[in-house]
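These are the structures in question, set out in turn.
Two complexes follow with chain A in common, the first pairing it with chain B and the second with chain C.
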Partner chain A sequence: MKPLFRPLAVGALVAAAFAAGPALAAKDVTFAVASTFTTTDPYDANDTLSQAMAKSFYEGLFGFDKDMKLIPVLAESYDVSKDGLVYTIKLKKGVKFHDGTDFKADAVKASFDRVTNPDNKLKRYALYSNIARTDVVDDATARITLKTPFSAFINNLAHPSGVIISPAALKQYGNKDIAFHPVGTGPFKFVEWKATDYLKVARFDGYWKKGYPKVDGITWKPVIDSNSRAAVMQTGEAQFTYPVPYEMAETLKAKPELDIVAAPSIIVRYLSMNTQQKPFDNPKVRQAINYAINKEAVAKVAFGGYATPADAIVPEGVEFSVKTGVWPYDVAKAKALLAEAGYPNGFETELWSAYNHTIAQKVTQVLQQQLQQVGIKTKITLLEAGQRVEKVESWQDPATAPVRLYYVGWSSSTGEADWALRPLLYSESWPPKLFNTAYYKSERVDGDIRNALLTTDKAEKAKLYKDAQETIYKDAPWAPLVTEKLLSANNKKLSGVYTMPDGSFNFTDVDLK
Partner chain B sequence: MRTPWSEFWRKFRKQHVALAAGGFVLVLVVLAVLAPYVVPFDAENFFDYDTLNSPPSAKHWFGVDPLGRDIFSRLLMGSRISLTAGFVSVAFGAVIGTVLGLVAGYYEGWWDRAIMRLCDVLFAFPGILLAIAIVAILGSGMANVIIAVSIFSIPTFARLVRGNTLALKHLTYVESARSIGASDTTIVLRHIFPGTISAVVVYFSMRIGTSIITAASLSFLGMGAQPPTPEWGAMLNEARSEMMTAPHVALFPAVAIFLTVLAFNLLGDGLRDALDPKIEQR
Partner chain C sequence: MLQYIVKRLLGLVPTLLIVGVLVFLLVHLLPGDPARLAAGPDANPETVQLVRKDLGLDRPLPQQFLRFVAGALTGDFGKSMRTKRQVSTEIADRFAPTFWLTVCAMAWSVVFGMGIGIVSAVWRNRWPDRLGMTLAVSGISFPAFALGMVLMQVFAVQLNWLPTVGADTWKHYILPSLTLGAAVAAIMARFTRSSFVDILQEDFIRTARAKGLSEPVVVAKHALRNALIPVLTMMGLQFGFLLGGSIVVEVVFNWPGMGRLLVDAVDMRDYPVIQALVLLFSLEFILINLIVDVLYGLINPTIRFR
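Right after this comes the complex of A and B.
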């Protein structure tokens, strides 16, 4: 009997293995990204990428959908008091942290108490420093009281940094070590982080949204060299990558298994001019520079055409953005303005870039070529991250700030005009506080920004922000260059991953065929 | 009568490869000198945004780079920078190294130990690493790259000359000079130094190749020539991102570096064979 049964048994086993195979095969996806992660703690991250990655395991009270529309996530609903100071937030029930504890109002309190405590020295302190106190009303209700009325507050809560961390984990690991043991409510649990190699997360079975996540794990893989990033997509090692180098777009498009997506962004690239220093203290010089730059050429040469000339200070897609128009390209007018300002033969100056990647290298060289045409000779320096902090962002004394022409970009991750204007153009935002690298100061713009925050009336806010943007356009502390498009590539088997307008990702629906 | 020169030429003439390499170097030098007058386009300020990355054509012999500039013109102008950097840095290194080598070899003792240990320290670093360290201290820029390359050329010349000096100073003609009361300065300059020249010249020509590569490498890493300077290494760096789509942008500067360095090395080999009295003619 036995010999007869053995092949049968083996056959059954093989059949079983085949049947089980596809069902058991882990659906793991790999995302190739352009930089290493600075931290897993969104409250201590300045870079969009680390925050976007942290959305694997963390969620906020509010968030943005893939079109940058504000949606409640861990919150159910909210109320604002008449004076605009007290926000009462109803929380979702039945949500669990990865460590098994329940998500309740005390978690909201623990998370915001942490960031608002200056002793914790978290990089996102400024975004939340307006919170006076956070209270637990009951398990499912939290109350946040502000120091001053701030009508964009819910947008700040939706910012990718505003996540809820498990209070138990926070207690166990402490303020600094939580970055190595992130515990949130997100669809994936943190598994392992090897700084330069990868960061792995795995499916969280207790996730509150039924049926999600649809894959078993994500490997976040930093691939810094852009050609290598294109290569891992071609070999199938990764299923999604952002950003795709513009010069590789055509090559990748030719691959039948890949999709190339150019998504609109709210990332504005501009040239700031130090308005406190000669010759840029003269508005005519700043206008001349605006006239001298051919933004179409910048978009074409440096961004491979995947960018549009900037037509606004606050880019389209951010609430209260106003189209001020693309500054015309007119070399003759630029020369005339320079002559009027007393520089008929131009002058020499420094042109710094906040980044040292290929695109920045091209942008600065195109700018150099064009400024040369009106007699402005520039010396290019592509700053490394450390130099950027030292020479620009942390420079203490505005009077001696060495920055002149500065190529940089900004993505307003709150989706609202305040965070697109106040950090960059408000007179109290000069470095080292925030990023007003033009050292721009205008009573009128300051007033508009301040008043807009105090009012909850949308029409009034729109009016104030319009005035601010139009004033800035005329004063020209910047030469707005381009709004870039976000170029990502994904394997056709992968679905549900989107590059959001601020350069972060939405992968709630990620699935692999 | 056979002068040393005619003797040298007689031997060198027979080395066809070295002769060709020498000819190439000569052409390159002439082109570099004349470059500003013969380039078809302005290397830095001509740009055409409509022909980005276009391949070689009748108008643009070597094609157009990603910023719309003419690669042929940039290459020609770049030869000035690369040749100058190579020549000047080796010249500095050779002069300082020779002086140190003569002092160390002639006086020996304390001088010798101090100088040679210093050279050992410099030798302990891989060349490019040392150059990077020096540029990191001095700051980026072509002048600092030349200084860096000079410094790392010094120890090899010092060693070479010291060795020759040690051998020469025990020869009879030097001893007889000393015995008739010639001063140290006279002996070193009139009797020993000329004996080291042939070795220095050979090494000099070989070293130029290495120096051009090092200078180009530093520029490639962003530490040397700053944009829009058409330095060959910097051009390669700018071409890096287009390698897959427009290989000609990287090809021409790479070939230029390759041929130039090869020519200098072959020339050096030929010089060595011609100047070495031990190699007898068949």
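Right after this comes the complex of A and C.
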């Protein structure tokens, strides 16, 4: 009897192979990224990259499209109470989590109750600590009550960390282990995370948006060295990579199968000046420094031309940004201002950089050389992360802060002016609280920032933020330098992957020819 | 001999203890607050406090130290501050790739290095010597990252014969082990040569030649054994260094090894990982030294263990 079965079995195998035929041509894409992931839990992540990756399997109530415009995702619509305290959010129906459970208002409650509980010790606690409580009105409606009015709250919900986690999974794995078993509503299911090598996600068949995702899986592959990232693009081992180092752009452009994209960003690079210390307490000195710096040259030399001179305090692309214009480059005027301020022969000072990579090295060298032209002698120190924390970010006493000229950058991860101004220029944001490294204090700007958060009227907000930005421009606690461009490369067969202005990725439409 | 080995192994304990204390103190002396670093660029002071508690850094230093020692004794090095995974799993994941890469690199570089060294010594000051030593000097002076990039550009990007990054198949091992081994091969060649040149002038070599033994037998049997002792010492040292994970090669080839882990850990002030890694590196060095000492005895039976 036995031999009889053999042809049958072979036949079955052949048939099975045939049936599996179309599936064999799996559309798997690989993204080569610049560093390893710290976690898959967006509430416990502080790096843009881990949060961007987590969007494979998680979605929030709101989100940003590829141009950083706020869009509803799992939410249908929302209402704010008159006092700006109560947000009632209508939820999409028919959405399922990867574990098969339905997405309902209890998931919203579970997710926000988790992050607002300080016992869970999540790194994104501060972003949501203003939530007093979250209630389930009915299955399709959630209500969030705030402690104090905060008009940028919907932007906080759209922040890549504000995702909805399956309550069933949260219960099963607990607060810590959920990071190793992420379960969300996103287009892809989590498959495997080999911390050293890659993170794999596969298509989720029950995804609520019909026809999506268009590919079968994504492999997120951290490739640290930028030359190696360029190499995997050329060999076809990866279809998308970000960031591409400026000096590699020309080489990769020459490859017929690759596209190089320079996307606009909201990453602004600036030089902050410690306004509490001599000689930077004198606005004339600060203006002189602004006049002395040729921003075009900085963009060209240090950023290989992939940056534009900064023409605003809050960069274009962030809501309520106002163009204040580029400070003109005028050495004579700078010298005159210095003389007026009582420093006709210039002075000596420290120039620190918050980063120690090559670009920062080039920027500080250009700055040093240009400041030298007006008689300001600077001593450059490129701070390593630990030093930066010790000497700048955690410095306890503002009066003795050793920081003078400080090269640093920022991008407002909520896409809104509040998070572009408050951490950097509000008088209560001096280190060690937040990052007002200019130790800037202006009653007027403080008032504008405070009032803008209290009002829900858009026109009123725009007016307040405009006034704040114009005041800051005149007071010049910073020398705004450049707004970066984000350089990514993708294989021409790949479409629908974008680098967003904050350096995150949008890959809802990802497809492979 | 067994007694000797046991004695040496017992000697490990105080050494590791001292290393443990030193590394704990040094790591905590590094500038920079790990809680601040872990909390990230957007964090406010409350978040930093939360993170500090989460990482156990709010406890007094002596208490942290006791926890570290007690944990280390039971093989528990705590959790990585960066990834929140067990330090032992973090290291275990990366140990094998680094170990096998080291073995591959050592294997070819020892064979080539000694080969070149012997040839150079035998044909001293003639063209094989010049060629061999030119190669060796280039091997030492050519930086590993440049060599790695050139190899990758040629064999992976242009010719498409080998994969670029990762550690999945045997093919992945070729380029990194070539890069990693180049400097070792060069050092081995120079060491073997100088050691051989000395030995070849010894009386017993002249005796062997006078006995009428053929030159290959003289070189392979009489000279090699005796020349091997300093070479072996060098080999042990190099092996120990490579086991620590070559940062440059691991970055260029995206090798999931311990060098990269150490860099990541130092960047983020990931105390538990740094401590465990330094302890592991010391242990490796001590064990390799022990093995080298035992091998001395096998090569030269006149060496006695006490």
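Assume the second predicted complex is superposed on the first by the 489 of 513 C-alpha atoms of A that agree within 3 Å, B and C clash if a C-alpha of one lies under 4 Å from a C-alpha of the other, contacts with A are read in each partner's own complex, and residues count from 1 in each chain.
Note that a residue touches a chain if its C-beta (ideal position, glycine included) is under 8 Å from a C-beta of that chain, and two chains touch if they have at least 3 such contacts.
Worth saying up front: this structure is predicted, and the values here are computed from it rather than measured.
> State whether chain B and chain C clash or fit side by side on chain A once the two structures are superposed.
Aligned on chain A, chain B and chain C fit with no clash.
> Just chain B (first), just chain C (second), both, or neither: which does A:456 touch?
So A:456 meets neither chain B nor chain C here.
> State whether chain B or chain C is in contact with more residues of chain A in the superposed arrangement.
Greater contact footprint in residues on chain A: C.
> With the two structures laid over each other on chain A, which partner does A:141 touch: chain B (first), chain C (second), both, or neither?
neither
> Tell me the contact category for A:227 with respect to chain B and chain C: first, second, both or neither.
both
> Which angle, as a multiple of 10 degrees, do chain B and chain C span at the CA centre of chain A?
Vertex chain A, arms to chain B and chain C: 30 degrees.
> Given the touch rule stated above, what does A:277 touch, chain B (first), chain C (second), both, or neither?
Once the two structures are laid over each other on A, A:277 reaches no partner at all.
> Who does A:361 touch here: chain B (first), chain C (second), both, or neither?
Once the two structures are laid over each other on A, A:361 reaches chain B alone.
> Applying the document's definition of touch, where does A:88 land relative to chain B and chain C: first, second, both, or neither?
Neither partner.
> Please work out whether A:101 is in contact with chain B alone, chain C alone, both, or neither, and reply first, second, both or neither.
neither
> Quick one: smallest Cα-Cα gap between chain B and chain C in the superposed arrangement, Å?
7
> Quick check on the output: what are the common chain A residues between the chain B footprint and the chain C footprint?
Residues 227, which sit in both footprints.
> In their complex, what parts of chain A are in touch with chain C?
Of all residues in chain A, those touching chain C are 36, 38-39, 44, 46-47, 118, 121-127, 129, 176, 179, 194-197, 222-225, 227-228, 231-232, 234-235, 237, 384-391, 393-394, 413, 423, 432-435.
> Please output the residues of chain B touching chain A within their complex, sorted ascending.
My answer: residues 44-45, 47, 49, 52, 66-68, 222, 226-228, 238, 240-246.
> Flag every residue of chain C that touches chain A in the complex, lowest number first.
Result: residues 30-33, 36-47, 50-51, 53-54, 82-85, 90, 93-94, 97, 149, 152-153, 156-157, 160, 163-167, 251-254, 256-257, 260, 264, 267-269 of chain C touch chain A.
> Contact residues on chain A for chain B in the complex?
Touch residues, chain A against chain B: 226-227, 230, 245, 247-248, 250-251, 297, 300-301, 356, 358, 361-362, 364-366, 368-369, 372-373, 379-382.
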